[in-house]
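Below is one structure, written out as structure tokens; the observations come after it.
Labels A, B, C and D are assigned to the chains in the order they are written; within every chain, residues are numbered from 1.
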Amino acid sequence: MLSEEKVFKDPVHGYIYVNDPLIWALINTKEMQRLRRIRQLGTSYVTYPGGEHSRFSHSLGVYEVVRQIVQAFARNGYPWPSEMDRLVMVAGLLHDIGHAPFSHALEKVIGLRHEVWSERIILDPTTEVHQALEAYDPGLAKDVAAIIDKSHPSKLAVSLVSGQLDADRLDYLMRDSIFTGVDYGKFDLARIIRIMRPHEGRIVVKRSGLHTVEAYLLARYFMYWQVYFHPVSRSAEVILKAILRRAKDLVDQGQDPAPTHFALKQLFHNQLDMASYCALDDTVLFNAFNVWQYGPDKILADLCRRFLDRHLFSYTDAPGHDEDAYQAMVSKVRAAGFDPSYYVAIDETATVYYDYYLGADHNGSGDGALFLWDENQQQLIEMSRLSEPIQAIARDRQALRRLYFPPEVLTHPVHG
Amino acid sequence: MLSEEKVFKDPVHGYIYVNDPLIWALINTKEMQRLRRIRQLGTSYVTYPGGEHSRFSHSLGVYEVVRQIVQAFARNGYPWPSEMDRLVMVAGLLHDIGHAPFSHALEKVIGLRHEVWSERIILDPTTEVHQALEAYDPGLAKDVAAIIDKSHPSKLAVSLVSGQLDADRLDYLMRDSIFTGVDYGKFDLARIIRIMRPHEGRIVVKRSGLHTVEAYLLARYFMYWQVYFHPVSRSAEVILKAILRRAKDLVDQGQDPAPTHFALKQLFHNQLDMASYCALDDTVLFNAFNVWQYGPDKILADLCRRFLDRHLFSYTDAPGHDEDAYQAMVSKVRAAGFDPSYYVAIDETATVYYDYYLGADHNGSGDGALFLWDENQQQLIEMSRLSEPIQAIARDRQALRRLYFPPEVLTHPVHG
Amino acid sequence: MLSEEKVFKDPVHGYIYVNDPLIWALINTKEMQRLRRIRQLGTSYVTYPGGEHSRFSHSLGVYEVVRQIVQAFARNGYPWPSEMDRLVMVAGLLHDIGHAPFSHALEKVIGLRHEVWSERIILDPTTEVHQALEAYDPGLAKDVAAIIDKSHPSKLAVSLVSGQLDADRLDYLMRDSIFTGVDYGKFDLARIIRIMRPHEGRIVVKRSGLHTVEAYLLARYFMYWQVYFHPVSRSAEVILKAILRRAKDLVDQGQDPAPTHFALKQLFHNQLDMASYCALDDTVLFNAFNVWQYGPDKILADLCRRFLDRHLFSYTDAPGHDEDAYQAMVSKVRAAGFDPSYYVAIDETATVYYDYYLGADHNGSGDGALFLWDENQQQLIEMSRLSEPIQAIARDRQALRRLYFPPEVLTHPVHG
Amino acid sequence: MLSEEKVFKDPVHGYIYVNDPLIWALINTKEMQRLRRIRQLGTSYVTYPGGEHSRFSHSLGVYEVVRQIVQAFARNGYPWPSEMDRLVMVAGLLHDIGHAPFSHALEKVIGLRHEVWSERIILDPTTEVHQALEAYDPGLAKDVAAIIDKSHPSKLAVSLVSGQLDADRLDYLMRDSIFTGVDYGKFDLARIIRIMRPHEGRIVVKRSGLHTVEAYLLARYFMYWQVYFHPVSRSAEVILKAILRRAKDLVDQGQDPAPTHFALKQLFHNQLDMASYCALDDTVLFNAFNVWQYGPDKILADLCRRFLDRHLFSYTDAPGHDEDAYQAMVSKVRAAGFDPSYYVAIDETATVYYDYYLGADHNGSGDGALFLWDENQQQLIEMSRLSEPIQAIARDRQALRRLYFPPEVLTHPVHG
């Protein structure tokens, strides 16, 4: 234990408490500090000016939620091996350690996968994270990686970090809600933690907590509609991808844009090593776009200016796969003097708010299901059977398809 | 008026309402969008992980507070020329337009002054801000600049943006408090706006609102102690200044560090033009430090690493001007192999929470004074005469002096 | 206008603003002040200790919400006759003026209907409310009564006070949520007020506000389950009704319990006049129960003690109409020495969270429906067609049936 | 331990947790349930409509704060005998058990002292509270009474319930602030609990927590000015006292007002026994006033109407002891046809926000002092030595003197 408890003030949890010196050491690694320079919500800040918080504060929050959960397990005498406390708290803290800047955009364009990099960072002997883990608890790095890649034998431990009711979601729904100012993401976190309990290798909640869990699942529903799928934020994401594609295309043609950071060069040349990966953050991309907006390639410069100055693309809803409509827009865009490869895009976002069948075995109890424990009947009940609103949003794939294009192609743009 | 009211969701004010098309046009200029990439609280995020909000959201907030104030003036029939509404709302929005990244550090090292740049940006015909102002209202740019540099003939209008009870402070105390999670900065903003009234060229408040204003002044007191003067954030600031000085020194010796952005080159060569100034933001500095941490100059690389990885300097309180203690530390630091020019620093922070004498004329009623209007006695009363806690903190210069140094010079560092 | 705006501090709306001298005069009538002594949530305080707020603060809140709505209508230039502002603000303030103490229980046992008494109080020339209305605006009393009993020709005006999205619900869901501490009842009130608009005699909302309205309807759903239908609060209500029935039965047998207030005597003798009705409040009933707990009738005394000391009945869920189970409990209760007429009860609670068909005409657009205005398609769309969660809870009558009995009849009570 | 943790939802603490069956049993006693019918803030509801919360919810809150404090002591390994946990939690819960309705008014007029009755209720073998205590822990009743009357040998235990930084104040400042909607009473409760520590028989706080404790003491200052001493609430209190004096005078003259509750009769005849005392609550008084407003004594009836209908007395500030001004008002009141014995009153309220000298011994360290622990210097420092705002309000007796009278005596009343 630390000689004195460390605390972080936090608008979500009030305080985040650190007693374990390993947690403290991990927070102070350069790989964790990098997460301060990666925004949690990617491009959402263009719509919600308050949504500028980083993956660092989210990571602290996930750690804190795990800490509170295992503390509640102990207080209630639930069947949870307290010797795994440290493992799951560490995994909660490190679960996003491999995130790239604007991660989803970068992942798609460059072919990175942040989960793979999280694992590498934890296991690579050159990282401060790995060294801290092994210094305090030899062998721990491998266990943490196993929690994060879900290969760990304890399904229960895995589900605390990645599951239907995991510390990751519990923190980010609350955090994104509070920082953006969008109230819909709030739910009764204290009660959820109190009613969670381990049961045969999974986290279940008491039946009396049905409506609390309903509110949590509906918070997801609202946050997707109001924040995560917001069309204006998606427009910024569309432009971001176009920038990255253009830069990559230029590199592939031997016309590298102005150098601003060696890691970026490695990235576009598919030669990223560990040190360079760990140097990548939002500021590296922003600075590159900032330089490139004055560079020789007209397309790259224009896209960078749009992104930095928030002169975004317009859009129309394009729910069906209407190839004619798409081609019509391609023609218009070309006629207006823009290269359609970078100036027209279909953006598709989809999620299932609650998928009880996901990963289901023959008993229908997949990883995606959330179960309530009925004390009287001594049995588990899958929650959509008890809740009509959840039944309504369960298994339903919400897909949004939008067609993005420069507002200039229309005399009267459809959306501002 | 805009055909449809625009709104921004905001954790401080709930919503920020925009009806005036000029305000909307200004928000969408590249100079305003730049403020999204400058953190409001400089290095405070190292202590308060939630304090990652930008000057952009603060600027919107100041606009919103001005809007609410002039609306309240109109509703109450107070003597305020409503034709100045737009001018003060614009001035509120633009008051920080010239801020540099990590502005106070940069200002001291490089010799910039953000007030000067604010004025230049507003008056320079090449900026989008200037063009928007003049397109909507020719001559407005000059008036706005006059509000911001306090030369405008309407003292009242100036005091709404820069005064003892101005929209700037009203927003930032609340905003910094909410984002850091530090509760002390909160006060009853709705009531303050309700009890403010113009009176002979200054903003006064009704005597019945004494305790509301007390709470506001005490919020300043608390925020300085808990946030703005926090020793750990100051340590990051000390290192930031050392980086900038080292880079400047290298440039002066003809050993420019690796180029990462042309504006930075101009900055260190004292050749900043308008376009480059407007390209500077936090991400430009972060990216440079990120590259330089791997560069050839050992001192610069080490300082950059400390800044990015939050390996900060330790400190001791050094209240008096004890030259011996300082020299002793210089010796220790040198003995430990560090160059004292960059590795030892005295950091002095000072403010006066409430200075009723500031700018006082022969009647003792300076700009620094806050007056209450006593309806029964039909007279103004300077507020420290009515409040013992305010009397206690008034005119009192709170100066903190701390000596910073690398923790390595001590076997047992004083502070972690 | 009042020479100076009056304000009430309020945990729900921040401040409640009064500018109209009639509103101020009405607040200060004895009939309005009586509402300070009637709890908004009846017996819910036995479950939620914070739920002790009165119908007085709720009435102020409804007035404030109406005030904000008509102000938003004016600001947005919507088709709303501003000369009706005062009428609807007054109706909002007075909508609960005829509420009896613990109203639903008393209404059922004694046969009062609070809507009828609201109308009487407004129209009766002896009341201060009536006198204030007529003094300020002759003929207004009749119009206000017409809004409250929904006979007013302006459907729009009626719907602001009683409708699917009325000021009454908007206030009580927020208020009950905040005072009980149950978070589920919160929604984005500011945005709902902003997106409401009059449209052909009804209140509709912009389609872009779909999710905000969803959250409001779901708040109702949650509040019913978590607060309004809470089984322990219902147990106190069951006992309250038994007390009232027992007292009434005793009166009918010529065995009046000890006199504590003349209005109560009139009540039980079916001789209530206006003055006595306006003397009835929660404290009159509490004091009577307090005296009667020491009275000669064993049943009445025991029930009063249970109510005051919170020694409530136990319950089992009794979803079907199982006469055998009921009779079995009657036998048990009798065997334990209790009179089943007062000591066994079926409590049934039911609501429909959203009934779009309610009052539907041949176009299917009943009063119960909530419509969204689609600006592009220039048409109204009933909201359950756009929202799966709302479709799930619409038209669905949620009925709960529980069987209540003294815990003493079971060696091991089912619930504590 | 209870087989299942019980919880109360609470707007102040989120949840109140009960694990100890004795705490649960005490909450369910009739004496504790009585506190649901006594408003925490007496007559403050006439000014702050939200301030209708009861001493019951406050008592639960004090218990919860004590629980959190002793839990923090245990977690931090501070020198606190955990076998006293139950004693102090019980004392916190029961500290107000003897409160009379509108206690301060009643105490002054009738000569009750609630502290004495608290002790009696705990020690009297006929009360449910006493029986619960002795059933669970024989001898505990005496110890609890000793904590409450401050005679217990453990000064530390006493100070948790009654001291400069006790659970009572920590709860009521927050609670009164939240329910009235007055923000000034809020402070960082979680941090205060974290920095409290036992030190040589007293509670001290770490020096680093100076500003947190400053904010707490200033919250007291603000709440006194804004809520507890509010002139309109005091006006209701002045009338309440006049009612009680008039009723007592009538009883003394053999002209008892109409009987409404036997306990009231005993009260006015100075014959209160335990059972009757425990029957007294706000509703007994309200019901009596309600009946008496129609009774034969003109003075009593008029005063009761004023109290119920909020037709309060006007006031002027009367800071000095100006006998002439008082006599002038007496003459005016008499001339207007009112009996000055009941219709003129000087109301004096006074407190000292922080009195470090209170109970000081020769070392100057009285019970009234709040000490900070300086870890570096290993010594205690009395807090006003470190804080200018606290120095400003310390030892300073804030006395307000106001002269109250019926508004009818003035053609133009001074205040409404």
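Following the convention adopted for this analysis, a contact is a pair of C-beta atoms (placed from the backbone, for glycine too) under 8 Å apart; a residue touches a chain by one contact, two chains touch by 3 or more.
The chain lineup, named per UniProt: A, B, C, D = HD domain-containing protein.
On a predicted model such as this, the values are computed, not experimentally measured, just so you know.
**Student:** Measuring between mean CA coordinates, which chain is farthest from subunit C?
**Tutor:** If we average the C-alpha coordinates per chain, B ends up farthest from subunit C.
**Student:** Counting C-beta pairs in contact, does A-D beat B-D or the other way around?
**Tutor:** Spelling it out, more C-beta pairs touch across B-D than across the other pair.
**Student:** Taking each chain's centre as the mean of its CA atoms, how far is subunit A from subunit D in angstrom?
**Tutor:** 50
**Student:** Provide the C-alpha centroid distance between subunit A and subunit B, rounded to the nearest whole angstrom.
**Tutor:** Inter-chain centre distance comes to 32 Å.
**Student:** Take the average of all CA coordinates in subunit B, do the same for subunit D, and state the distance between these two points in whole angstrom.
**Tutor:** Those two chain centres are 43 Å apart.
**Student:** Of all residues in subunit B, which are in touch with two or more distinct other chains?
**Tutor:** 14
**Student:** Spell out the residues on subunit C that touch subunit D in their complex, using ranges where they run on.
**Tutor:** Result: residues 8-12, 14, 28-30, 33-34, 36-37, 45, 48-50, 52-54, 56-57, 60, 178-182, 260-262, 279, 281-284, 286-288, 290-291, 294, 305, 308-311 of subunit C touch subunit D.
**Student:** Would you pull the subunit A residues touching subunit D in the complex into a rising list?
**Tutor:** Of all residues in subunit A, those touching subunit D are 5, 7, 14-15, 76, 190-191, 194.
**Student:** Would you mind writing out the residues of subunit D in touch with subunit B in their complex?
**Tutor:** The touching residues are 183-184, 186-188, 211, 214-215, 218, 221-222, 225-226, 388-389, 391-393, 396.
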